[in-house]
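Next come two complexes built around chain A: one with chain B, the other with chain C.
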Partner chain A sequence: MATRFKHPAQDVAGLGTGRALGFLAPAMLLIAAFLVFPAIWTIYIGITNYRLTGVEAVSPSMVGLTNYTRALNDALFHNALWLTMLFVLGSAIVGQNILGFTLAWILRRARPAVRRTVEALTLLAWILPSTVVAYLWVAFFDRDTGTLNSILGTTGTAWLIDYPMVCLVVFNTWRGTAFSMMLYSSALQAVPPSQLESARMVGASGWQTLRDIVFPHIRGHVLTNTLLISLWTANDFSPFLLTKGGPNHESETVPVYIYNVALQGGELGYSSAISFLLLLANLLVSLIYLRLLRRRA
Partner chain B sequence: MAGIDIEGLATVYPNGVRAVDGLDLHVADGEFFALLGPSGCGKTTLLRTIAGLESASEGTVRIDSVDVTRTEPGKRGVAMVFQDYALFPHMNVAENITYPLKVRRVAAATRAETAERTAGELSLNGLLERRPGQLSGGQQQRVALARAIASQGKVLLLDEPLSNLDARLRLEARTFLKKLQRDLGITTVFVTHDQAEALALADRIAVMESGKLRQLGTPREVFARPVNTFVANFIGSTPMNLLPGVVSSSGVSAAGGTLPAAASIPSGAEVTVGIRPEYLTLSTGDAIGPGLRGTVVVAENLGVQSLVSVDCDGTLIGVTVPEEQEPSVGKPVFLTAPPDRVLLYDRESGELLARQPVA
Partner chain C sequence: MTPAYVVRRIGFYVLICAITVFFAVPMLWIASAPFDKNPGLGVHWPDWTFENVRKTLDHPYALHSMVNSLIICITTALAVTAFAALASYALSRVRIPGRDALLYGLLLLSSVVTGTAAMVPIFVMIYQLGLIDSRFGVALVMTGGLLPAAIFILKDFVDAVPKSYEESARVFGASTLQILRDVVLPVARPGLATIMVWAFVNSWGNFLVPFLLIRSIDLQPGAVLMQTLTDEGGSVNLQVLPVFSLLFSIPVVVLYLLVNSRYGFRFHGGIKS
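After this line comes the complex of A and B, so read on.
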């Protein structure tokens, strides 16, 4: 079979271009159908007045950047952005990061049985389906028969209504800590023990050891982890399962707002525009992290 | 400066292994002391127990007459250089050297001064701004030593100080280390598995096996008069000849011949005869007096010397000869030894019999 490869070394499998493309095609088709097309479609309907029902559902018309200018002046969108920032800061950057690192640091010297048990329990929170977990937390926070109220003796406190964002932050910290813990556990193993022992020999305190020896070693891991959990949290839809964005938009993060605009309000065009703005925000955050990551201390 | 007193020390790991097993040891003030033994003999565990990185299960460690057995490593007045030097890659040389001072919150100006001075003592001038990754192995080791010195401990501990250097640099570093220790006069304990290193550096050597002390002495004592066959086997670049023998009226018969022996041991006793290749004399002329007769099997060039293996009645015996006297293979030769160099060990226990004054 004739191939287009100039050197045999480039075609190690000996397939030739045609058959090689043949093997690639199914994967490419799936990616195109479920990833590339919806993405482009979202950008497209973002500049239309496409709706879920009504005349515009049948024949949407182009509205240019109207959706985007509307978003910039939309108080509810601003509210959603602010709540998303709080959610990311509270549950990911602070909550999951610090709790995950603390667990990893403590478990490092724990007995293997203790370590495995804590790891398994933490992982369980991470691998359970969102719907199951959300149901558990709704039960936990319930006003009349909730576990939390039983423990605290505060029957009648409607946590999800009175403190919706606090509940979401606690919930997401609990749910996502496993990833940070696992990542930091393996990162800590990369710190040479002799360096920790050197610090011990000169009498460095626990905090001094962390600041001077451990963090410089795992700086890259901290940045990567923070990036990943920030993006996941910003795009997380499970807040909807707990509070549906309420009460009165008090816990309506951007993904929840997008859903409410699209399916409650039926404005698919507008919600697509907001989706695209969220994508841009994610991109911006990623670029900042990458810049930090590249800057070697 | 201070001595170290170790009494009945044992370090037992959670899995029940007694890495250090009931050890008594005294390291004098200002002494350069070697812990020598094969891997797994407990020497590093002993060093780490002195440092406080492992906790003693039994016994006591005293530094400068103060019981530090339960004291935190940072409060013992002990500095340690690790085998991999454990330099902090994100700090430059000056920051590495003065890290012990930073921990104690010493002012920056004093730290800079200390860095400058210590670097000068260790020929690291001009490297203070570099990162450890930009240094050679020898320079890295000196930075690690500088950091240990800057912490101003009473005792310096070195874990395999030369093992991470290549062969040529190792000799250079060995000389440097010995001179540095002399100049500083600081009590120093180091761990090595290399007997040549221990012999070259140490004032005294503790030879260890399975967590126990097998011999304690000066390099000369340990080399010339190993107190048991384990030490005899372990010390020396060319292994000591250990032959089964029987004591007779004229000496000790072994390998088809007779060697002189100064020991007063009853005739007929079964012993292991130990003699270093360096102490045997090889002659090609007529046999005079007691000795071993054999033929040359192999001659290995060691530079200024050759190690000749001689087949004496089926037993291979090593003997070193000056390079110009290397005999050809197959030549019949005669081996003799001075009586005070022939060591007799108990065949069963491997312990040295009949102690004689050191030659």
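After this line comes the complex of A and C, so read on.
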């Protein structure tokens, strides 16, 4: 994929550098305006006391690193960080990874009809619009008539209020497993069948085969996949659609917290400082990810 | 057939069934509730009716929001495809100074600057530009967000197109413009179609950007209207929401199936949104 930068570029159509730059210009302008500029501007807004309404909305003033020192002591921000870690650990690192790998591994030898059906269902969960999916799960978890309570016979349990984080973890595992499944399916094709065959001949158990034969071949994929789905999960805004961060901040992950501070509380300066911290975390994960990809290529 | 083998097969099917149930059960609602006389949040065999469909079509904002979604997403898909096509061709065929650094930067941008990390500055920027409540503003923001990944997917695609086509056209004296229009464009069509569908589907499902930038209900796209209706609650909405969810999902599924059957599913290692 994207790491194959170095190949001889030959200008076969005779475009020329000047026109090539002209071809690049519209895309680069839009990217500069709507990605690069906001990212840099976050730094600036983050050192002001800019607000959505009031005096500071008209004439914000520089406050230096006040917003960052405030974040250090903000119990709600710590809470958001902790919940985001739980969310990433539970739904991405454990949930999507393990379910995705399990699916890739067992569907390998399943009948084509079974394989296609299960793959279609997981893919459907992945491609449906997020608002639709969120509403499906709100209905599923509903206190009075929800399907989960009908199945378990626990009518009256308000899952989204009593166990909001568990609900979010289950939801996001369901939502995102397709990606890991597809990635591991293609990674498993790189494991030489002859090695699997000889493992079977010497009577290795399924677990031994996985550990000694399969895992060494796909270790790189596990690492890059984990980084990528963790990054997406940490930046996922769908928790807002299920719980809005509630009840009482119990499911307020960092993206939801940023939204609530910025748009509900109107504190644009403070929320920008937190956004910048999220950008830095994203940058760190992405740099590691790209380095790993390059090493593999 | 040893007993151990039988046990393993049984375990295998139990596991497959459990996973299938896990993925299927939450979706049953969208299949049953739209056509049920007494739609609720639970799943049961529907008491068939098309009353809900009529109610949804009569809803003052339902179809309207679909039109808003179409306006936003078609604009975004066309802009992303056109600009990414031009940029990826230039990056693939011409050795522009600093090209590798630029590509690396684009790749970083596509994963680092996410909608959630940039929502505050984007909101402030659009607010100060006076583009709140503008569908065009929403399309612009989405286009900027999708372009880096689109350029990457398309560049991979153009890289795989043999240069001999362009070379032979040149030997026969075709001008640069002719080569691009009559040789490169037709050859790249599957890639362009894929990227257009990809951009459309991504902007169709995008909730955050229009949720931040559009306030008035008659300009909201479907993704935001669903949230508005959910927040209102009430029994009228229980007739409208299921049908609306179904209608809103159809374009995404149809487009996905179309691309899948025509060009085969292409796995763009790691680029989703």
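The rule we apply is simple: the second predicted complex is superposed on the first by the 269 of 297 C-alpha atoms of A that agree within 3 Å, B and C clash if a C-alpha of one lies under 4 Å from a C-alpha of the other, contacts with A are read in each partner's own complex, and residues count from 1 in each chain.
Note that a contact is a pair of C-beta atoms (placed from the backbone, for glycine too) under 8 Å apart; a residue touches a chain by one contact, two chains touch by 3 or more.
Keep in mind the model is a prediction, meaning the values are calculated, not measured.
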| item | value |
| --- | --- |
| Room on chain A for both chain B and chain C (clash or fit) | fit |
| Chain B versus chain C as contact partner of A:87, first or second or both or neither | neither |
| Of chain C and chain B, partner touching more chain A residues | C |
| Touched partner set for A:16, first chain B, second chain C, both or neither | second |
| Which of chain B and chain C A:159 touches, first, second, both or neither | neither |
| First (chain B), second (chain C), both or neither touched by A:124 | second |
| Minimum Cα separation, chain C to chain B, after superposition on A (Å) | 7 |
| Shared contact residues on chain A - chain B and chain C | none |
| Partner chain A, residues of chain C touching it in the complex | 12, 15-16, 19-20, 22-30, 33, 40-43, 79, 82-84, 86-87, 89-97, 99-100, 103-104, 106-109, 111-125, 140-141, 143-145, 147-148, 151-152, 156, 159, 163, 166-167, 169-170, 176, 179-180, 183-184, 201, 204-205, 207-208, 212, 222-224, 226-227, 230, 241, 245, 248-249, 252-253, 256, 267-270, 272-273 |
| List of chain A residues in touch with chain B within their complex | 192, 194-195, 197-205, 208, 212-213, 216-217, 297 |
| Touch list for chain A against partner chain C, complex | 1-2, 4-7, 9-17, 19-21, 23-24, 26-28, 30-31, 33-39, 41-42, 45, 50, 99, 102-103, 106, 110, 114, 117-118, 121-125, 127-132, 135-140, 142, 144-147, 150-151, 174, 179, 182-183, 186, 224, 228, 231-232, 235-238, 241, 254-255, 258-259, 262-263, 268, 271-272, 275, 278-279, 282-283, 285-287, 289-290 |
| Interfacial residue positions of chain B with respect to chain A in the complex | 51, 53, 72-75, 78-80, 82-84, 86, 88-91, 99-100, 102-104, 147, 151 |
